[in-house]
Amino acid sequence: MSPLPFSKISSPLNALLAATGLVAVAALTMPDVAERTRLILAVLLGGIWAVYVLQLIETLVMQRTRDVRDRMPAIVIDMLAVFVPLAAFLLVGSRDQSLCCAIWLLKPLRDSTFFRLMARVLTNEAHNLIGVTSIFGIVMFSAALAAYIIERDVQPDKFGSIPQAMWWAVVTLSTTGYGDEIPQSFAGRVLAGLVMMSGIGIFALWAGILATGFYEEVRRQDFVRNWQLVAAVPLFQKVGSAALIEIVRALRPRVVPAGAVICRKGDTGDQMFFIVEGRVIVATPNPVELGSGSFFGEMALISGEPRSATVSAATEVSLLSLYSVDFQMLSTSCPEIADIIRKTALERRGATPKA
Amino acid sequence: MSPLPFSKISSPLNALLAATGLVAVAALTMPDVAERTRLILAVLLGGIWAVYVLQLIETLVMQRTRDVRDRMPAIVIDMLAVFVPLAAFLLVGSRDQSLCCAIWLLKPLRDSTFFRLMARVLTNEAHNLIGVTSIFGIVMFSAALAAYIIERDVQPDKFGSIPQAMWWAVVTLSTTGYGDEIPQSFAGRVLAGLVMMSGIGIFALWAGILATGFYEEVRRQDFVRNWQLVAAVPLFQKVGSAALIEIVRALRPRVVPAGAVICRKGDTGDQMFFIVEGRVIVATPNPVELGSGSFFGEMALISGEPRSATVSAATEVSLLSLYSVDFQMLSTSCPEIADIIRKTALERRGATPKA
Amino acid sequence: MSPLPFSKISSPLNALLAATGLVAVAALTMPDVAERTRLILAVLLGGIWAVYVLQLIETLVMQRTRDVRDRMPAIVIDMLAVFVPLAAFLLVGSRDQSLCCAIWLLKPLRDSTFFRLMARVLTNEAHNLIGVTSIFGIVMFSAALAAYIIERDVQPDKFGSIPQAMWWAVVTLSTTGYGDEIPQSFAGRVLAGLVMMSGIGIFALWAGILATGFYEEVRRQDFVRNWQLVAAVPLFQKVGSAALIEIVRALRPRVVPAGAVICRKGDTGDQMFFIVEGRVIVATPNPVELGSGSFFGEMALISGEPRSATVSAATEVSLLSLYSVDFQMLSTSCPEIADIIRKTALERRGATPKA
Amino acid sequence: MSPLPFSKISSPLNALLAATGLVAVAALTMPDVAERTRLILAVLLGGIWAVYVLQLIETLVMQRTRDVRDRMPAIVIDMLAVFVPLAAFLLVGSRDQSLCCAIWLLKPLRDSTFFRLMARVLTNEAHNLIGVTSIFGIVMFSAALAAYIIERDVQPDKFGSIPQAMWWAVVTLSTTGYGDEIPQSFAGRVLAGLVMMSGIGIFALWAGILATGFYEEVRRQDFVRNWQLVAAVPLFQKVGSAALIEIVRALRPRVVPAGAVICRKGDTGDQMFFIVEGRVIVATPNPVELGSGSFFGEMALISGEPRSATVSAATEVSLLSLYSVDFQMLSTSCPEIADIIRKTALERRGATPKA
């Protein structure tokens, strides 16, 4: 039903495979590699290619249940990953054949939600980013023009044309500073100082736009995803719309693999957990298993005492965690939910010593 | 009535023309350009100049309906773009004539709202920017003085005077690091380390001021613009003032060119759309056309199902989009609007299968 | 009564004087300066010193009305500015005498509110800044140690001891990159890549801490100052405490010199103004003068039409400006104030055509 | 009862000891150090090691009252600090023995809350940081591949293989710019410009993620800590849950050492103080001592007048400070508390002149 399990398994594997392949591609370009190593690397590339062929088949055949449009990027990337190296092997001369495997750089883009997030941020902020890039361009050309006029007679070999001066301008404006072209005249150095300061300013704008745009998008996506998760917890289904928005904002989703410890006895606890899917084991003297819709960890939150038991994941568990600060706010806006949580905490506390 | 159509067409065109001109200017300064290429480039510059003459005439004559003060910057830039190269052609010696076409750098500033935005940000934050720049100056002078005292005997050719040491200081403080002047003594290197760290700190302040100032201004302008757009949607006209502010904050304007697809059948939808101006076609079996004041895309938002139909723009459409998170909030603060949207969604859903 | 007029006049003057003095100090260190220029610069320094003597007297004698503790930093800086160069002139050998005038770097700190702001930010964030600086130190030492172990046999002249490797580490960690020490081995270059990435991360933390701390302090100071200004506007005195906080947040203070135009007929207006102190002239056919406690510019805000008249400052005017977005919010939370503003707007609009 | 006193004393001491040790380690690697100095440094290292042995014993024996898991990191670090140099002394050859003392770099991590904070930030943001680092990797590999293809024939010694080109790519992408490998061809320089700009963008994302993540975590921790402190002030115990959250948000904790002046007569005051623990002396004609649960400094806040008396710490004092802006908000949301504060202010003001 959910496409997650597959992508979760294959995503780090894909990244690892692609990275291995790219390292092999890089190693093959080194002139002093022994013929034998070269052969091993070629076989390695072949092996990865074979895996990618299988993956392409799986993408085409096995995932028929998913909509074609959703699978489109994956199909395209998988096809490129198979056919570009194949074409290179058949058509290109020996030395550069392996370079075409660099197409595997695209593989990590295939499953990652992060790159889709980045693409949306860039789309949303396109207008501002183009604006700042224009400023970058205008400042760069102005700086190159000024440097050309100032320095062309002092260092005709380095500032003898505007394109040469532009190389200096871009290296300086980005505060990279290779040091291959340096103004020598007094005016040129004052100009360089101004260009460096402008560079920092432009950089700052870029940083501000990307950082703010990124966080707005992250928050929007978190809300959409949490909204769906919260709906799966029965406790929250009787809550009014206004309170629900606050809860969705307050909860943070977390996926824990089977067997992992979620909280440990004796730790100080600043969050409680709601189970969206999966089961956990509470390691009290008589171990208790909790399933979807249950919550745990509320005692430490209410009393401020250390965790009274270790809780670990019996299966892969999808959790929503609620921090102490957000619990306090929830108490104010949805007293009914807070009451249920407090009551359960008291019952459990009563139960524990008896056990 | 609206100045937008003209500026929308001419803005990228202007940028392209100016960029072409500037590339030609840059190319003409290269010493090894063949005489023939030089001629072609000169003709190209002449052509662009001719277009700018026409544009100046248009600005002066055709746009009489607009207020003079609004057109002033455009008129000044258009005049400079025509008369500076003309003066250069008549007065300056052959080599540097073309350089004067660099005045065309100003052309992109003519229509862009981004540069006006930047100008306001710089004005608003002038006080803080001057403050940080003073700190930059004070740290730079102190660093130069200290480096001069420490290194003047070690490297008299590189740190022999404060102005020379200031060159080192600015290159280091901006973390550009050309590498032409490097302190050799132990004390000088400790000083350099401190200067680099101060540089990062000053840079950080600059970044913070520009980024925050930029976003405050962007939000203020967005509010003013959205306020006017929201007023054009009948659905929102019965809403109280407090709710209206929330709606204005929540909606995001978007302009879609004629023929473009706005949402595609089968996509997961996290936003709905209000039409401010223009018409869209909903590609249901019996295609429906919606005009100004209508909304669509609400079904995917309410049910969480994929889009039930592809919607594309029949004319250029000005839309306001509402994200799922904001729709939930709207439901809370203006239940009446949310009810209308939900009721429409139910009616349409009822209608679709019959169609 | 207010210390502002003096500081406002003297602050840029002080900065200019100090800057001139420091340029002279820098110029005097250049070896190829003619004897005559040297004399002129010395006289210039003497002149500035004389001005500073007068300023010291003024600070000591004239400002008796102000509290000593408030004047303390100014007194100390003024004394240093006079007595350090004096002592240098009497005690130090000829070449370095002028260097002591670098104490004038402190002069701009004397009146500036910005530096006091910065000092508070650094105090508030001291804990976090020390933490990040420790990380910087730990990463730098680790990087230097690793580079020393990796590169000491490859380049014993450049990485032959940890202090030498630390120079490389700080230059790389700050992304300055002079290029005088570059790892040559493969492991050294991988290390360098990691160090650069860590450098960017540490930089980012620094930037985040300084930028956020700066803005929190700016907002706190703005609130305190606006609170006092708002109290001077009669219209706001009947408002309840909750609404007053919103108003204080919404208003932005602005000082306009006598004669300056505040808003121009025909402009699109997105703010209105409240007069805290001073008088403005509204250039209607029968010019009207408004004084403290009045407001203007509300018509453009309410109707969205261009400004109906030019308003300029008759005296220096202290204003509070209210942006359109904040006016809408004010309308919601303090309907009574919004009503007064709207009623006045209607009356004035009624009055204008008759005039 | 509280682990604070020990960690507060030992934390700067530990940092100082570790720093001294590391300086000695660094100095010992310098080739031109005299044999005698070498001996002194070795003795110094031995001394620090002895202190660390004592500290390890203290950690193991004295702090039995604390839970083992809480002490675990400290125990591990203390053991490493003792046994790694010991093992090095017994096993490794003479030159590199001292290098193993670099393990003392870990000592500052032992008590610092800042590093635990950083660890949580990195954990919380791991997903995004990995995403941006992947982008860094992909851009770096693409840049290296492109540079290799473009420059391998121009500069076969510098761009002759992808690993060599990757060195250039990472140096350029991080805007470090050593200047040892510089593209010479036109296409290579255009590529370099694009790489620099991408570098700035990636840097910006990193900065945004770290800075935002850092501040979210700081605020969460502040809330948890303040919540506990606020509970110790009787005045706040009658307040409802919603108001309490606001108070916890508004108050800022501060620890003042015994004898320090908290506020000085005649200063303008923009904050008042609540005493969580410790005692302060109010230097009125008849000095008054205030203890836990009292507050002071409220008069300056209410009347806007300068502080009427100097207050200094009699013992080490743990305070909560409330800024003027937050006091105004508190007045609105918890009028009862504001009334108590105002009434006390009036009583005190009545009392002061009589005294």
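Quick notes on this one:
Residue numbering begins at 1 within each chain, and the chains themselves are lettered A, B, C and D in the order written.
Simple rule for what comes next: a residue touches a chain if its C-beta (ideal position, glycine included) is under 8 Å from a C-beta of that chain, and two chains touch if they have at least 3 such contacts.
These numbers come from a predicted model, not from an experiment.
Ranked by distance of CA centroids from subunit C, the top chain is A. In this entry, subunit A maps onto subunit D through a rotation of 90 degrees when their C-alpha atoms are superposed, rounded to the nearest 5.
By the residue-number overlap criterion, the interface of subunit C with subunit D counts as different, with under half of its numbers used by both chains.
Here the CA centre of subunit A is 26 Å from the CA centre of subunit B. Centre to centre, using the average C-alpha position, subunit B and subunit D are separated by 37 Å. Touching of two or more other chains is recorded for residues 163, 175-179, 203, 207-209, 211-212 of subunit A.
Residues 15, 19, 22, 25-27, 29-31, 99, 102, 105, 108, 112, 114-115, 117-118, 133, 136, 163, 167, 170-171, 174-180, 203, 206-212, 214-215, 218, 264, 266-267, 270, 304, 306, 323-325, 328-329, 331-332 of subunit B are the ones that touch subunit A when the two sit in their complex.
Residue ranges on subunit B touching subunit C, taken from their complex, read 67, 69, 127-128, 130-131, 134-135, 137-138, 141-142, 144-145, 148-149, 160-163, 166, 172, 175-179, 182, 186, 189, 192-193, 196-197, 199-201, 203-205, 207-209, 211-212, 220, 223-224, 227-228, 241-242, 244-245, 248.
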